[in-house]
Amino acid sequence: MAKRRIHRKRTPVGAAPGTLVVDPASSPTKIDFFRYDSQDLVEKHATSVEALGKAVGGRGVTWINVNGLADIALIEQVGELLGLHRLALEDVVNVHQRPKVEEFDDHLFIVIRMLPNSTASETEQVSMFLGKEYVLTFQEKPGDAFESVRQRLRQHKGSIRSLGADYLAYALLDAAIDGYFPALERRGEDIEHLEDLVVAQPNQNLVSVIHETKRDLLDLRRAVWPQREMLNALMRQEGGFIEDKTRVYLRDCYDHTIQLIDIIETYREICSSLIEIYLSSLSNRMNEIMKVLTIVATIFIPLSFIAGVYGMNFDVKASPWNMPELTWTWGYPFALGLMLSVAAGLLFIFYRRGWIGRSSRSRE
Amino acid sequence: MAKRRIHRKRTPVGAAPGTLVVDPASSPTKIDFFRYDSQDLVEKHATSVEALGKAVGGRGVTWINVNGLADIALIEQVGELLGLHRLALEDVVNVHQRPKVEEFDDHLFIVIRMLPNSTASETEQVSMFLGKEYVLTFQEKPGDAFESVRQRLRQHKGSIRSLGADYLAYALLDAAIDGYFPALERRGEDIEHLEDLVVAQPNQNLVSVIHETKRDLLDLRRAVWPQREMLNALMRQEGGFIEDKTRVYLRDCYDHTIQLIDIIETYREICSSLIEIYLSSLSNRMNEIMKVLTIVATIFIPLSFIAGVYGMNFDVKASPWNMPELTWTWGYPFALGLMLSVAAGLLFIFYRRGWIGRSSRSRE
Amino acid sequence: MAKRRIHRKRTPVGAAPGTLVVDPASSPTKIDFFRYDSQDLVEKHATSVEALGKAVGGRGVTWINVNGLADIALIEQVGELLGLHRLALEDVVNVHQRPKVEEFDDHLFIVIRMLPNSTASETEQVSMFLGKEYVLTFQEKPGDAFESVRQRLRQHKGSIRSLGADYLAYALLDAAIDGYFPALERRGEDIEHLEDLVVAQPNQNLVSVIHETKRDLLDLRRAVWPQREMLNALMRQEGGFIEDKTRVYLRDCYDHTIQLIDIIETYREICSSLIEIYLSSLSNRMNEIMKVLTIVATIFIPLSFIAGVYGMNFDVKASPWNMPELTWTWGYPFALGLMLSVAAGLLFIFYRRGWIGRSSRSRE
Amino acid sequence: MAKRRIHRKRTPVGAAPGTLVVDPASSPTKIDFFRYDSQDLVEKHATSVEALGKAVGGRGVTWINVNGLADIALIEQVGELLGLHRLALEDVVNVHQRPKVEEFDDHLFIVIRMLPNSTASETEQVSMFLGKEYVLTFQEKPGDAFESVRQRLRQHKGSIRSLGADYLAYALLDAAIDGYFPALERRGEDIEHLEDLVVAQPNQNLVSVIHETKRDLLDLRRAVWPQREMLNALMRQEGGFIEDKTRVYLRDCYDHTIQLIDIIETYREICSSLIEIYLSSLSNRMNEIMKVLTIVATIFIPLSFIAGVYGMNFDVKASPWNMPELTWTWGYPFALGLMLSVAAGLLFIFYRRGWIGRSSRSRE
Amino acid sequence: MAKRRIHRKRTPVGAAPGTLVVDPASSPTKIDFFRYDSQDLVEKHATSVEALGKAVGGRGVTWINVNGLADIALIEQVGELLGLHRLALEDVVNVHQRPKVEEFDDHLFIVIRMLPNSTASETEQVSMFLGKEYVLTFQEKPGDAFESVRQRLRQHKGSIRSLGADYLAYALLDAAIDGYFPALERRGEDIEHLEDLVVAQPNQNLVSVIHETKRDLLDLRRAVWPQREMLNALMRQEGGFIEDKTRVYLRDCYDHTIQLIDIIETYREICSSLIEIYLSSLSNRMNEIMKVLTIVATIFIPLSFIAGVYGMNFDVKASPWNMPELTWTWGYPFALGLMLSVAAGLLFIFYRRGWIGRSSRSRE
């Protein structure tokens, strides 16, 4: 409920294209980088763009990770250092981009959306520039899905250290996409719980929760769906940024994205179905309530009428036709007996219609 | 509610193609123009088409902006001056065109729809002719989203003054598309407010508001959706009107349009969901109401029946079987006690079923 | 309601292809023709096919209009005169064809559907044969959307007289398509009226009207949708029947068709939405009705019970415990006071729940 | 209800491909054939496959029609005689194939689904092999839509006798497709009847009928939809089995199929709409019922309360405050008058709310 | 209800690609193989990978079937023996892959999903590697749909022994796809049963069953749908793994998959329709219940009121106006008569409205 859902564009409407304006609430900007080849690995915190400049261009692959988007000047300096297009930089700070890939002369610009952890309710934009020898990533705030990639780099695990920048880019994409799986598992568990609740104890609150879940899945779908097209474009990329060896890995990523979309769509259909179950459950309860009222009222209203008749004050003495029952010896037992048989008759009718047996059965 | 939604075609049905007929309520026609290159800028109000003729064709880029479509003769003169096709001119004055781009021999004809400001409820058609050295725009009425472009021209901000007419056209398209973002933010806020209301205090009025919002989003979608195809066609334009350098900017525009469509579709799905929530909320309230009636009636109807029985007038003296309870010493307390235990029993049954506790809980 | 909706095929099932069988209720066949070039215009009623034969083949363009399909022999003679394929002629008399274009050796066969006037509830098939120098049209019955084209021919208005048969065909197509706009405006007005009614005074009759409107839009969509594809095929026609100059006009027609489809789809979505509003409005009314019943019953049932208690006949003299209230000095005022406080208490509870205030507010 | 809807595969799961297994309930196999050219026609019942072998391969076109699939051995002999692929033969006896066309070296294999008559509720599979000089058809059971083709062959009607096997195949396809039109007309009439009923006398039975109609249309759609693709493939067939002259006839068939799909989709949308109308009609009736209850209860409950008050037994003699009305001269008329005014007041309120007038109006 | 629906990924999120991690609950790994040509057949249980190594590479076709995925080391050895890509092996042990085909240098990697038997509620992944001379399959657990293929191999049935590895792969695919048919028949029977129940005895439990069926169909659709694309890719495979002769068999497989999709979609539509029928049936029952209450209440409330009036205690002696009826000779009969005529009148009104007759009719 507290989620901020509205999609804001940070660049003032109508500003010159390439104007960088950031959300004042952005996290402070920090730059770390890795430089590695199959022998060595340097992991450093960059204190200045100059220091960064020296690192890039050396031997091996460099991964520069810019965390937090508050310091526009710094971001612009990084952009100048690596010759990035201003429109791409504008997309970096406007963190509501759809996943996409754009080709520039000496780098690819890739946007993906990442769930930093499985309880995160909002995706975070990761902007990635893939050059021949470097990968530059921009993240919105600290905390990401890339820790496993860092470990593999540090521990020389798998072939990541011996392959190029394109493989690193793949590894980061893969990590970001893999991060959706535990988040979806969590949603799956929530939905199974909702499925139980909607049958066992339906209440209006559930509808809000289902609606919230649907919105959440809608947001995830918006984040994941274009990733498919992006990966497809990346696999078909002819600019020399992606080596053939890496394409088979990207195909794997692509398969995972389709799996994600499949799961999200399935969950969305189940959520729609849940609303229907809830509505039918409400109608059913209403029927139960009305059955109780109808049975009670239908039985007692005629009885009360009989009692009312014998409560009339016609003067017994004025005429032999005036309520002779009142003075009968068995008058009262007769009246009670009449009531009893009316009640028994009505109960029998209700039983025959299945209202009484059925009502109690469906209650259990 | 007061919105005029019906889509009228101004040209009389069956008129010869190219016949220009305007809405009598059109705004009066005024012509302004900018002529600029990287050194100079002239901004003028055109008093006649002749004056305009002199301006165009000089050095640099000319932007002619025709505001208001009342003066057909003037529009026709402008059309003749720049050699515009009559069918295009007919589209200019029939202001219900879909966004599109059409190629003519010496200019492109582009139609977009613009939201002049974020509270506007209707889009306005902007017809744009892009020649090699000029941009000609027609607007329905004063007030537009282009003020920021004018400022950038006047203040020599960004690279707009040093680039060609195609970049100016891009800047105008971009400004028009950007204008949808604040409008959608506003809709987003409205929808979040509706989400709160539909749970907190559902009433029939909300349905009209949701319906109105859906219609509004339908209108926006109709305005935005074809813009995507239009920008795609523009990016692939081979006629020499668009320089390669500008294509990357148009791709940016295209991305924004897809973002707009994404947001609109999301909002539309949420609105559909809201109706469902409202309906379930109505059913829920009905259940509450019926529960109250059923509980009250079910408790008091048997009690009233007991009271009715002891209000019968059987003659106690005529027979010992006739209502001996009436003359018992503890008769009245016995009757009251009987009623009390019936009521307590029923209350217990309702409590067991969760109607009493649950009813009050779900009320909070 | 009285509309005949069922789609009948006139040719007996299994007849040899090209068998012409007409509805016995067809209008009688009349043939008119125009022959014109930029200097002269002849407008005549053709008395025989021979007369027609002389007319065609002369200088200029000939437009033959066959009105009414009752006279099969005549239609066959016309077909032979111009060398029309029998399958095309079969489509001419089976007036439930979808709009389409088919290329034959020396003519194009075009089917469109026309709304003769804005109040017409059913579309009429117009079958058009476009040769190099003639246009032949078949209509189901008198009354069409082509009067404006005739006027332009007679009055030498626009460029119609100086252009070829393809332009005439375009002019006829354009007139037929334009004829849908006023019809849709009328539907738009009806729908706006329905929108008001469904909120102000919902009743079951409205549902039938909305359903009828939806069916009507369904019929229009079926008539208009294939026109888009047909025009697209016509624009791409390579057979030499369409000159390049005319293509730009056909593109305009195509745009209009897309606009029509847009409007129809919007109206259809609004109609679906109206049903939802109506249903929610019904539910809301039910809530109101039940609230009234519940309030009245809940207040008076306990009061009646109190009255019933003091109407019991326990013998006051038999015991001091038997209803001593009956002989109290203030017994009756006490009972009335008790009733009053119960009623006041219940009213207060209903007020607190917002049932009383809210119910009256939402009633206004 | 008695329809068998489940889709069974006859070949045992996992059998070698090309295994022929038939439903034991299949009709007995009978073989008829026509051999004709423009001069002669032979129509015979084939007693053995050898006799058949002599017939085929002679001058002219041969149409072999195998009716009933019980005799596997015979079907296999026919298959060997004409060199048919075993997979195709498997499809022949597994009569739940979708319409399709498959090209083999010396014949085309075409599957269509036919409605033998307009009241048939299930489609029947017709498997057709089109060679250069023969057409071989397999039908599930006696009774088909091909009688008209036989008549045209016998009576030398149209050009069927002078054209090749491809034209005969077209004629059979056309007859099968045409057979859907009367069946759909019948459904159309049923739906119009349902439309009337759902407004006039909605009852739960209607829902089953509408559901049944929807299922029926679903089945028809499954039978017709792939026919479109099949005809498209047939028209584009390059294997020399279809002559150019016949393609224009297939285009006609294709148009009819699209018309069928159009009609089916329209009917399906109407059926969906009918359910909505029925539901709204139910809600409306509920409102009516509740209005009656509410009016009656709301009027009489207060009246009964007044009667109850004056039925209390407070001792008039014990105190002057105790129900002095009872001994007033005009006490009884006063009480009746009080009741009358309460009733009149309530009636007036209901009238003002439009419940009374409206209720009776909407009832008519 | 006990089904585990959540989609887990076994490889830890962020692990290096190609890391094999298996579910600890996996079945133990067993390897069997067949080696055959048209003369000989060897069927063996492989005790070691070395033994396997000797078998493969010999004359004829080898089918290695690995059953159970618990022994990672063994799977890796098999992978090394045949030179399989680690990404493919990762997919083998992550058993939630979608059906797909991927081409590697010397084998195709095919994933399909199989229903081991018709009562299975979850599909099982089968990973298949198709080399020039071998087929390697991995299954999740014992029990599969391939027994019939084994029989055909052993019994030299059909042409399977004389054809290559591609035909064996086809035979396995075909067996897996055929396995869906009996499972869908079972679902079809369940749905027909639900159709009967939803009309005959609708209760809330049915909704859960329908929902469960819909989820089940959703799962099946997710398993079957991508098989279509996979088979299409396989048929168009250009790598030399599939011989032309086998393509016609794959086309047959492809047709079966489309039939499966058709059936699943039909069933899904019917399930959606069933919910609607259930909801309308609930509404209808509610109407019935309310009708009973309304009829009973409406008849007895006025009668009770009359009895109440004559139960008032106005003092007959105090005034001649005070309830003179009480002392009339025919007072009591008059009162009873009055009640009787009111009841008769109301019954007549209800009958006229069709509530009584209709209510009882629709009850049967």
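Going by the order they are written in, the chains are A, B, C, D and E; count residues from 1 in each one.
Here is the rule we use: a contact is a pair of C-beta atoms (placed from the backbone, for glycine too) under 8 Å apart; a residue touches a chain by one contact, two chains touch by 3 or more.
Fair warning: this is a prediction, and the values are worked out from it, not measured in the lab.
Participant: In this assembly, which chains make contact with chain B and also with chain C?
Facilitator: none
Participant: Given the touch definition stated above, what is the smallest step count connecting chain B to chain D?
Facilitator: 2
Participant: How much rotation, in degrees rounded to the nearest 5, is required to superimpose chain C onto chain E on the basis of Cα coordinates?
Facilitator: A turn of 145 degrees brings the C-alpha atoms of chain C onto chain E.
Participant: Using mean CA coordinates as chain centres, what's the gap between chain D and chain E in Å?
Facilitator: The answer is 25 Å.
Participant: With chain centres defined as C-alpha means, what is the inter-centre distance between chain B and chain E in Å?
Facilitator: Centre separation, chain B to chain E: 40 Å.
Participant: Provide the list of chain E residues touching at least two other chains, using ranges where the numbers run on.
Facilitator: 279, 283, 286, 290, 293, 297, 301, 304, 308, 311-313, 323
Participant: Graph of touching chains, which shape: line, ring, star, complete, other?
Facilitator: Its topology is that of a ring.
Participant: State the ordered list of ring chains, commencing at chain C and continuing via chain D.
Facilitator: The cyclic sequence of chains is C, D, E, A, B, beginning at chain C and stepping to chain D.
Participant: So in the complex, the part of chain E that touches chain A is made up of which residues?
Facilitator: On the chain E side, the touching residues are 5-9, 12-19, 85, 87, 90-91, 96-98, 100, 102, 203-205, 207-208, 211, 214-215, 218-219, 222, 275, 278-279, 282-283, 285-286, 289-290, 292-293, 296-297, 300-301, 303-304, 307-308, 310-313, 316, 323, 325-333, 335-336, 363.
Participant: List the residues on chain B that touch chain A in their complex, please.
Facilitator: Contacts found on chain B: 145, 147-149, 152, 157-160, 171, 174-175, 178-179, 181-182, 184-185, 188-189, 192, 195, 199, 248-249, 251-252, 255, 258-259, 262-263, 266, 269-270, 273, 276-277, 279-281, 283-284, 286-287, 290-291, 293-294, 297-298, 301-302, 304-305, 308-309, 311-315, 318-319, 321-323, 353, 355, 358, 362.
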